[in-house]
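Chains: A, B, C, D, E and F, in written order; residue numbering restarts at 1 for each.
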Amino acid sequence: MKTVVVRNIKRADADVVKRLGALGTSTVHEAYGRSGLMKPYLRPAWVGGEAAGTAVTVLAQPGYNWMIHVAVEQCKPGDILVVGCTTDNTDGMFGDLLATSLMARGVTGLILDAGCRDVKSLREMGFPVWSRAISAKGTVKSTLGAVNIPVVCAGVNVEPGDAVVADDDGVVVVRRKQASEVAAKGEKRFAEEDSKRQQLASGVLGLDIYKMREPLAKAGLIYLDDPEAD
Amino acid sequence: MKTVVVRNIKRADADVVKRLGALGTSTVHEAYGRSGLMKPYLRPAWVGGEAAGTAVTVLAQPGYNWMIHVAVEQCKPGDILVVGCTTDNTDGMFGDLLATSLMARGVTGLILDAGCRDVKSLREMGFPVWSRAISAKGTVKSTLGAVNIPVVCAGVNVEPGDAVVADDDGVVVVRRKQASEVAAKGEKRFAEEDSKRQQLASGVLGLDIYKMREPLAKAGLIYLDDPEAD
Amino acid sequence: MKTVVVRNIKRADADVVKRLGALGTSTVHEAYGRSGLMKPYLRPAWVGGEAAGTAVTVLAQPGYNWMIHVAVEQCKPGDILVVGCTTDNTDGMFGDLLATSLMARGVTGLILDAGCRDVKSLREMGFPVWSRAISAKGTVKSTLGAVNIPVVCAGVNVEPGDAVVADDDGVVVVRRKQASEVAAKGEKRFAEEDSKRQQLASGVLGLDIYKMREPLAKAGLIYLDDPEAD
Amino acid sequence: MKTVVVRNIKRADADVVKRLGALGTSTVHEAYGRSGLMKPYLRPAWVGGEAAGTAVTVLAQPGYNWMIHVAVEQCKPGDILVVGCTTDNTDGMFGDLLATSLMARGVTGLILDAGCRDVKSLREMGFPVWSRAISAKGTVKSTLGAVNIPVVCAGVNVEPGDAVVADDDGVVVVRRKQASEVAAKGEKRFAEEDSKRQQLASGVLGLDIYKMREPLAKAGLIYLDDPEAD
Amino acid sequence: MKTVVVRNIKRADADVVKRLGALGTSTVHEAYGRSGLMKPYLRPAWVGGEAAGTAVTVLAQPGYNWMIHVAVEQCKPGDILVVGCTTDNTDGMFGDLLATSLMARGVTGLILDAGCRDVKSLREMGFPVWSRAISAKGTVKSTLGAVNIPVVCAGVNVEPGDAVVADDDGVVVVRRKQASEVAAKGEKRFAEEDSKRQQLASGVLGLDIYKMREPLAKAGLIYLDDPEAD
Amino acid sequence: MKTVVVRNIKRADADVVKRLGALGTSTVHEAYGRSGLMKPYLRPAWVGGEAAGTAVTVLAQPGYNWMIHVAVEQCKPGDILVVGCTTDNTDGMFGDLLATSLMARGVTGLILDAGCRDVKSLREMGFPVWSRAISAKGTVKSTLGAVNIPVVCAGVNVEPGDAVVADDDGVVVVRRKQASEVAAKGEKRFAEEDSKRQQLASGVLGLDIYKMREPLAKAGLIYLDDPEAD
């Protein structure tokens, strides 16, 4: 592991990231060809938080948060911090002090493949965190990692500057260069879903909206009546 | 696996199901001789939801929700959808569009041995879901399963038409033919608990209410004073 | 296992316990040299609950809650009940009836290395529980365990009378004789954190507050500019 | 749960079961339309064991093996014992004494959704066991369950008399009435695989044997050369 | 955590430990009133290893093995090293170099609530290890822990000098002062089991040896014939 | 996800890969600055297998092995196949037929972040596989993935052509361009370890070989005699 900090990374366009955030993770994930979704063990520290931003990445050692402090200085307004860890770990690497510092710099949230703590304060401050665990176990500041190198976080390889969207459904990462195309696709999908929602609410079946009856029959689906029923 | 849809299943009596729902899972599970409880990895997608209904069952393949669409048409008001999966899977098989469709048909909730998504919308719509995971990962509609065959869901074999009760404590399944007897037993138990609750609140000990002192002594329980205490 | 109940245990000082509770688990854990934290699989049954108390300990068999009933009688106002289990188990060993009984005796909460149930009622009653699982599965009352012997609960060896602090971040145990010293250290730490919080909120970096720049350079950290960036 | 022992169950045909055993779990599972496979957390207690038999089923309480003793008497030569458990549990419900007793009755193996112990002796005796865990933790004999009722074991609903095949790849259950048809299909499949094996060994590609090139192209697969390569 | 090394601990009697080892974990665990068994996630690094010894305990930080090196010096022939960890961790804290050193000092084995590596060499050297994981991930030597203080390892509180027995079935710890009594009880149990084994092998049922038929009937067990059978 | 096959990738040097394989995963992982190690849930399908090769990568959908068939054609002697999966899955994606085909092409092994089957045959054929699970559950061939794109497998981002080393301790990936440097460092380390092994075997302590006594004292380690000991 190179113990390096990369400065002045190229970031996904801020407006595009905002548009992705408005779509939410499920729509973005669909629009992105079902790529980029982190594993579902990553959960919001508090229900209802939402964030979108450009990734500043951290590779940390378990039990150490030195590199998160280093990364804070590299963050700009609209960034989201993404922290991978060299070993599976649930220690509380992040709490309300670091959140205060990130909020002061305009960071929109934290994605952390380890534990966080002070969740009551985080909820009250409105700083959204997605983590693998909640744990009061603190960390020390004395082992190097790296900032703004590619990092595997919850099963996804995140590049610095990628667009990240997170909500109650999970966390999705979109490559910087594809963000604009994915936002456009997602918005189209979103519009279509709204019209479907109205049809479904009025009682029209998905079987008919999606024209499934014929392919189902072709695939061999058989309907029977329950012999036990009257 | 037979790729079949069974129509016109026999259902547990709607009034009995309502009475079971009023009792809640813990009481129903007790009244049912401690049977029928799904494994506790099944959790509500949002806190506070409650549902009772007659089971329409689905056996799905991981990553495919074709059969859920097929099952919607088989649902009647008062039904609850129960989805088992051929392999452990956390993909988001169910979201707000399908929920809209199910609500339009009077379905009371969903029990899903896989992942769900759009949890914020589900909470806002008030459609209760119990699932193994929350995941933005969508599914496709192109592999057959079956509807209204017996399905193992979270460790319980569910027959179509069974009575299902779900709340913050979990999910319980009662065989259709035993539902009425279990409701009666549960109501009796519920009444007794209420009187115990009042006694316990006034400071009477369970040791005395349940007459445990004698069996404890018989079983060999010994009381000592802490030698270190003053 | 000795099937024994130890009475009249020596307890940590009530005022000290209250001071520890005001600090919260993260600060207490730090002040205690990062000891005494239970594993993070123990989660609050409802969000926002907080408790501090002196431990009354129970060693229970999976599927049996006889010993919890026995322990109720040994509890005094300001106690917190800590239940370990001889085998990993998620059965719902504890519900609203036992909670009613404990509240009637002034017990501040429950730490349970097994499952609990009736979580909706527990939330409404305001009785805080930290458990390994939520499960409607009830238990029976017919196998002995022990009360007020040392018990391993969620990875921590708890002695009767120890100080226990629990909140959304987890559960920390402090040995009775060290409670006073830990409270003093924690209060000092808490005051320092407050001043740091204000500095961080104003935009001062942790890198400067904690004087990390020199040790980072010494440890070999290198700063590069992204060659791809403009 | 009914505390009942069903005697004189109808069993799958012994010869058919032997033929299924000769095919192994992977082939039987395929021939059975990919049904009936238990979850892969069930592992052999020792590598290389193989068993096929007709199911005698047990529903046990965690920590109790009374019902296994009861079931021994119901076993006939060629049976395999299948034990489900009312709660997830890893206690060592089964050891070399019970294995001695089962071997004396001609039982071919044990499928146990809980823990086993004495694995060194089991290996030396050549009695094959598939279990969820290995644990020295013994159980007691004092709570009823049931014998020869339908039991969910490792995610599969097993009926008494079903055909069960188990080897290093896992455990498959075939309904009694379908066993003969599945054996025939499996044997056909096995013969076909053998010819494919020889072709593949000689270097012919699966792409050509299975005629995949056209459907792959149709599905949109694109071949590119690595631009970085020479 | 006190960063301390306790020297010249009192050890369980070497002959008693040898007798306990001859009995194996299952018998010792039974003779010890079903206490002292570590959780079954601890598995042997290679099949067939067996060890018994007096505990030298280590509390280590995840990712650091400094304290294991320190502990080596405190070990005497007949000791077994028991390592607990302040956080759940799978890093490979121990490999063939440390094993060489421990073997040179007559240590009988290692119990490690973390990962080990070089398992091929360990198997070839015949040095038995029970660990939570196998991982090539090495550790560094720069954070203090403690040696010969009480340590929770895989759910059991181990005191320095306790008797430890480990084999394919798991790991059992017996308090130093109770070791002699447990060995005597275990030997009695072992003799009884042998006679039972012979009876069972000859076809006598456990139902009769343990005289279960009457208590089963009393508890309400009912025998039925399968109505479907001929 | 792009459904693409990249041909003619650049591969790490074959001799270097052989040298890395001779060192084993633990040494390579150390020499590589403790990078590149896959998560320890990946285990060998049979004990004692070892493999080193240049990565041909596959991104597969759970339950489908079409892309593995496609990848076979891209493999050359000395390659090792590395399969990541879009969702956590344990289905048996790989068995003896595909192994026969890979062996015919000179492939050295398989790294599979899903399940494999036919483990008995794999062991007999001597084809080494590292997988997340063993499962008889077969897959179908009808959904596209990709070959020779970067793939996250068991927590590591693998690039096509990277050097991969696997043995009983796990799986390590070294970037193609760094393979030669890592081999040299590893060989140096290996030589040093051998001399240490001899010293340790003769009874010299690691405390002295690694000159730890002074840093330990400096870090604050204290030695005490057990007050209870004679």
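In the analysis below, a residue touches a chain if its C-beta (ideal position, glycine included) is under 8 Å from a C-beta of that chain, and two chains touch if they have at least 3 such contacts.
Please read all numbers here as calculations on a predicted model, not as lab measurements.
Student: Which chains contact both chain A and chain D?
Tutor: Both-contact set = B, C, E, F.
Student: Quick one: compare the interface residues of chain A with those of chain F and tell me same or different, with half as the dividing line.
Tutor: same
Student: Distance-wise, how many Å sit between the C-alpha centres of chain D and chain E, to the nearest whole number?
Tutor: 30
Student: Could you tell me the distance, in whole angstrom, between the mean C-alpha positions of chain A and chain E?
Tutor: So the centre of chain A lies 42 Å away from the centre of chain E.
Student: When the centre of a chain is set as the mean of its C-alpha atoms, what distance in Å lies between chain C and chain F?
Tutor: Result: the chain centres lie 39 Å from each other.
Student: Two or more other chains touching the same residue: where does that happen in chain D?
Tutor: In chain D, residues 2, 34, 88, 90, 137 touch at least two other chains, as defined above.
Student: If every chain is a node and every touching pair an edge, decide which shape results: line, ring, star, complete or other.
Tutor: other
Student: Where do chains touch, given as pairs?
Tutor: Per the contact definition above, the touching pairs are A-B, A-C, A-E, A-F, B-C, B-D, B-F, C-D, C-E, D-E, D-F, E-F.
Student: For chain D, which residues count as touching chain B in their complex?
Tutor: It is residues 1-2, 33-35, 39, 86, 88, 150, 152, 155-157 of chain D that touch chain B.
Student: In the complex, go through chain D and note every residue touching chain F.
Tutor: Interface residues on chain D, with respect to chain F: 24-26, 29-30, 34, 37, 40, 43, 47-48, 167-170, 172, 193, 196-197, 200-203, 205-207, 210, 212, 215-216, 219-226, 228-230.
Student: Hey, which residues of chain A end up touching chain C in the complex?
Tutor: 2-10, 46, 66, 69-70, 72-73, 90, 92, 95-98, 100-101, 103-105, 115, 117-120, 133-138, 141-142, 144, 148, 160
Student: Which part of chain D faces chain C closely enough to touch in the complex?
Tutor: These residues of chain D touch chain C: 61-63, 87-91, 137.
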